[in-house]
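You will see two complexes here that share chain A, one where it goes with chain B and one where it goes with chain C.
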Partner chain A sequence: MDIKLENVSYKYPSLSNDSWESIRELNCMFETGKWLSVIGQTGSGKSTLMKLLKGLIAPTAGRLLINGQENKLSKKGNAQIIQEVGLVFQYPEHQLFETTVLKDLAFGPKNQGVKKEEINDRTKVIIELVGLSEAYFDKAPFELSGGEKRRVAIATVLMMNPEVLILDEPTAGLDPQGSKLILQLVHDWQKAGGGQRTVIFVTHQMNEVAEYSDEVLVMNDGEIVFQENPIALFREHDHELKAFGLDIPDSVKLLKLFEHRFGKRIEVHSLQEEVVLEEVVAYFTKQGDDLL
Partner chain B sequence: MIENVLVGQFVETSSVFHRLDPRSKLISIFCIVIAFFLIDNAAGYLLAGLFVFGCITLSHIPWRIFLKGLKPILFILSFTIVYHILFTKGENLLFHYGILSIYIEGIISGSRLVVRIILLVLITSLLTLTTKPLELAYGFEVLCKPLKKLRFPVEQFSLMLAITLRFIPTIVMELDKIIEAQKARGVNFEDKSLMKKVLSYIPIIVPLLFTSINRAENLANAIDARAYGDGSGRTRYKTLRFETRDYIAMSISLFMVGTFLILKMLGG
Partner chain C sequence: MLTFDNVSFAYGQQAVLKNISLQIMEGEFLTIIGPNGSGKSTLSKLMNGLIQPYLGQILVDRLDTQSPQNLKEIRQIVGLIFQNPEDQFISTTVFDEVIFGLENIAVEPDKMQSIAEDALKKVGMLSYKDVEPHKLSGGQKQRVAIAAILAMKPKYIVFDESTAMLDPNGQKSIMTLMQHLHDEGFTIIHITHLMEEALKATRVLVLNGGVIVAEGAPVDVFHNSRVIENNELDVPLPLKLKGRLSEAGIVVPKQLVTLEGIVDYIWTSN
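This part shows the complex of A and B:
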């Protein structure tokens, strides 16, 4: 599912006169099958953008096109939820409310009118996908650990079988291992879709961006300032990113340090830490061989 | 939803109301509320309306904000007026059909009550819109100090009041967030029967209670961690002192009470 924004702006209703535009004239494209990361300082409009993409709010100006079709307003003139988009909010575990994990998992698809047997089948697949087991079905969501709750909360969204999964800081407040598990499960979910599943990932962790992204969208003060592949972005625009209050991934820092010390540029095809380390080690090994 | 809740929302402008001592504002508003209950004739309503209009204009807060605060009570207002029109009996019959008879007196008494409620809501919103919750609670605490002799826990009560006022907007914001999240999970709040509508709020109330209790626990820990205690015997950085303008404000309110009392006696 392709999502396209054309000159989209959004203004929050506000008490005082100076209601400002949270996002201004965005033009961008979210292509099917990609992992797109959205970075930007707090208050740069990321969360507003996510709500727009799910259809929780309607643009105050501009158009939101889904596979080329404009998203219409509901009968009452409100924004219309886009069923094919799954949105995982910040701290999604705060939305769990049922007495058992199973019931919470079934809640979304039930609202969509999915048949009982289908829901049953989905629960079994999804609970495994998020690294838990059927033994969790009868547990109360509130008695799980923080990381487990988070995974169940993400599972409740995956249960609705979205084509596009939006995650708003899904690793916030988790330990490194818990964060890794979450990202890995999202990655596995996307892989299982055969190129049809899109991930839109909001984060402040640049290492996470480097690890998974096909493309990075940088937001500043309600506008998109870059939409590029992560290698080009982090290697060429590190100064601009710093000016926007953003950092670069460790792997790029390593490459920069290397370039600075040896005056040599190493071309990499990915910013994953292992890949970059291997390239650097390979360079030195080759140097050593040449010397011998 | 947040933009419709006025309680606990402070709007910063530089008006005389903002500079008044919270105690004088509390006393004045108390007097004015009493005064408004004394109104029983057209002249009184006119005077009260002009008074409220003047106060709101002086506060430099846009009218829009006050009107938004009236939105949540629209239901009560329409119920009041319908009730009075249908059930108040009088002498001047306006309309009669079957068991339904509408009297002019009903329309008048209904409208009077509605106008009174609107005036009361407007004038009390002026208090919360121009006073920071903490100042309000402090003012309340100082005013209630004499009650301490009767072993009434004034400081604790004022702390409780301050926390409540301070957290209303926070909780409403949290509520908005949860509503959005459950909408994203397919809950439909539109086009439903009343029963279904009530049921659809369970996925909102449970998480809200849960996060609110968590928040309360964290707040209690934070209060303990700073050795705040229960608020008793604490001194303040900012102490309250009556200025000339405070005496003027309170005199005006007392004058209002007097005027309405006279108007009532003259009318009666």
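This part shows the complex of A and C:
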């Protein structure tokens, strides 16, 4: 599912006259099957953009196109929830409310009118996908660890079979391995979709952006200032990013230090720490003799 | 000195801390890391008597946290900064926020003004003194919360994941402030999930399942791969790079723990 924004603005309603535009004239494309990371300082408009993409709010100006069609708005111009878009809020485990994991998983699809057998099939696949097992079905959510709760909460959204998955800071407050598990499971979910599943990933952690992103969308003060592949963005535009209060991933810092000191640019196909480490160490060893 | 002597704590039936013995010296910068649910936050709340151990004893400069008459003094000596600054605000202006604590400990009114201004100056927020707290960024709010603690003239400041909800700029500003405060002589106790933040400490303590499983200088703790793997941790990139280089026969001195330091070392040593 392609989502396209054309000159989209959103102004929060306000009783006083000082209502302000949270986002201004956004033009961008969220292409089917891609992993798009969205970065920007607090207050740059990221959360508003996510609400628009889910249809929780409607643009106050401009158009939102889904597969080329304008999102149908109800007669009053109210927002219309887009079923194909799954939204995982910040600290989503606060929204688990059923007595068992299984009931929490079934809640969403049940409301969508999905048949019981189909729900059963889905629960089995999804619980494995998030790194848990059927042994968790009868547990109460409060019995789980922080990381497990978070994964169940994400699973409840995956249960509704979204084509687009939006995650708003899904690793906040988790330990390093817990964070890695989340990224990995989202990656696995996307891969299992045969190129049809889109991930929109909001984070403050640049090292996470470096892991899987196909594209990075940078927001500043309500506007999109960059939409580019991560390698080009972080290697070429670090000064601009700094001006927007953003940082670059550690792996890019290493590449830049190397380039600065040795006057040699290492080309990489990915910014994943492992890939960059390997390339840099190879230079220090194999080709190191000519270099030094 | 802050002393934990065989401290245990439980929420209901669930043991959270088991026989913790720990000494924190004045002037230390101690970082506590460990997986979710390891007991880190519980440990921090015990430090200023917000909660009480069911076994063992905690002494803050020889004051027992279990004696109610000590609590007022203990809470002045040990300041606590939480994850979400918004949970901590109650006043309508930044200045009043800092004054509030002073009123509670009955500081003379004519001294309040200068104490509060000094505290705001230290965190770089004096020019915001008449601003409403909700108009500040996350990092600015956190700095105001720190100013409110500083005004109480504490010796120990405990940061419980105080950078977790901030954007990169906010995170950096709080880390820099923590280091300034440490340089000024405050004892810093910092709980975090961010491994690169842990490198700044003088000592790192790893908590898992309610027990201390490792402690030492950051380089030593992170060089112990068993500790890292068993405790849901990660190795910061500079130390990963050093590990790979040493496998390839290039040994970088132990004390170098930044990417800059390591790359410069290789550059200059050839």
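The definition used in the following text is that the second predicted complex is superposed on the first by the 283 of 292 C-alpha atoms of A that agree within 3 Å, B and C clash if a C-alpha of one lies under 4 Å from a C-alpha of the other, contacts with A are read in each partner's own complex, and residues count from 1 in each chain.
The rule we apply is simple: a residue touches a chain if its C-beta (ideal position, glycine included) is under 8 Å from a C-beta of that chain, and two chains touch if they have at least 3 such contacts.
Predicted, not measured: the structure shown is a model, and the values here were computed from it.
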Practice item. Specify the outcome, clash or fit, for chain B and chain C once both structures are aligned onto chain A. Key: fit
Review point. Between chain B (first) and chain C (second), which, if any, makes contact with A:175: first, second, both or neither?
Key: second
Review point. Can A:261 be said to touch chain B (first), chain C (second), both, or neither?
Key: second
Practice item. Once the structures are superposed on A, label A:246 by its partner contacts, choosing first (chain B), second (chain C), both or neither. Key: second
Check your understanding: Looking at the overlay, does A:51 come into contact with chain B only (first), chain C only (second), both, or neither?
Key -> first
Point to revise | Touched partner set for A:133, first chain B, second chain C, both or neither | key: neither
Review point. Given the touch rule stated above, what does A:69 touch, chain B (first), chain C (second), both, or neither?
Key: neither
Check your understanding: At the CA centre of chain A, how far apart in angle are the CA centres of chain B and chain C, to the nearest 10 degrees?
Key -> 70
Study note, to complete from the structure: Superposed, chain B and chain C have a smallest C-alpha gap in Å of 5
Exercise for review: In the complex, go through chain A and note every residue touching chain C.
Suggested key: 40-43, 145-147, 172-180, 204, 206, 245-247, 250-251, 253-254, 257-258, 261-262, 273, 277-278, 280-281, 284-285, 292
Review point. What part of chain A is in contact with chain B in the complex they form?
Key: 13-17, 51, 54, 56, 74-76, 78, 81, 83, 86-87, 89, 92, 94-97, 107-112, 142, 156-157, 160
Check your understanding: Residues of chain B touching chain A in their complex?
Key -> 3, 9, 11, 62, 65, 68, 177-178, 180-188, 190-191, 202-203, 206-207, 210-211
Point to revise | Residues on chain C engaged by chain A in the complex (per definition of touch) | key: 34-37, 83, 137-138, 161, 164-172, 193, 195-196, 232-234, 236-237, 240-241, 244-245, 248-250, 259-260, 263-264, 266-267, 270
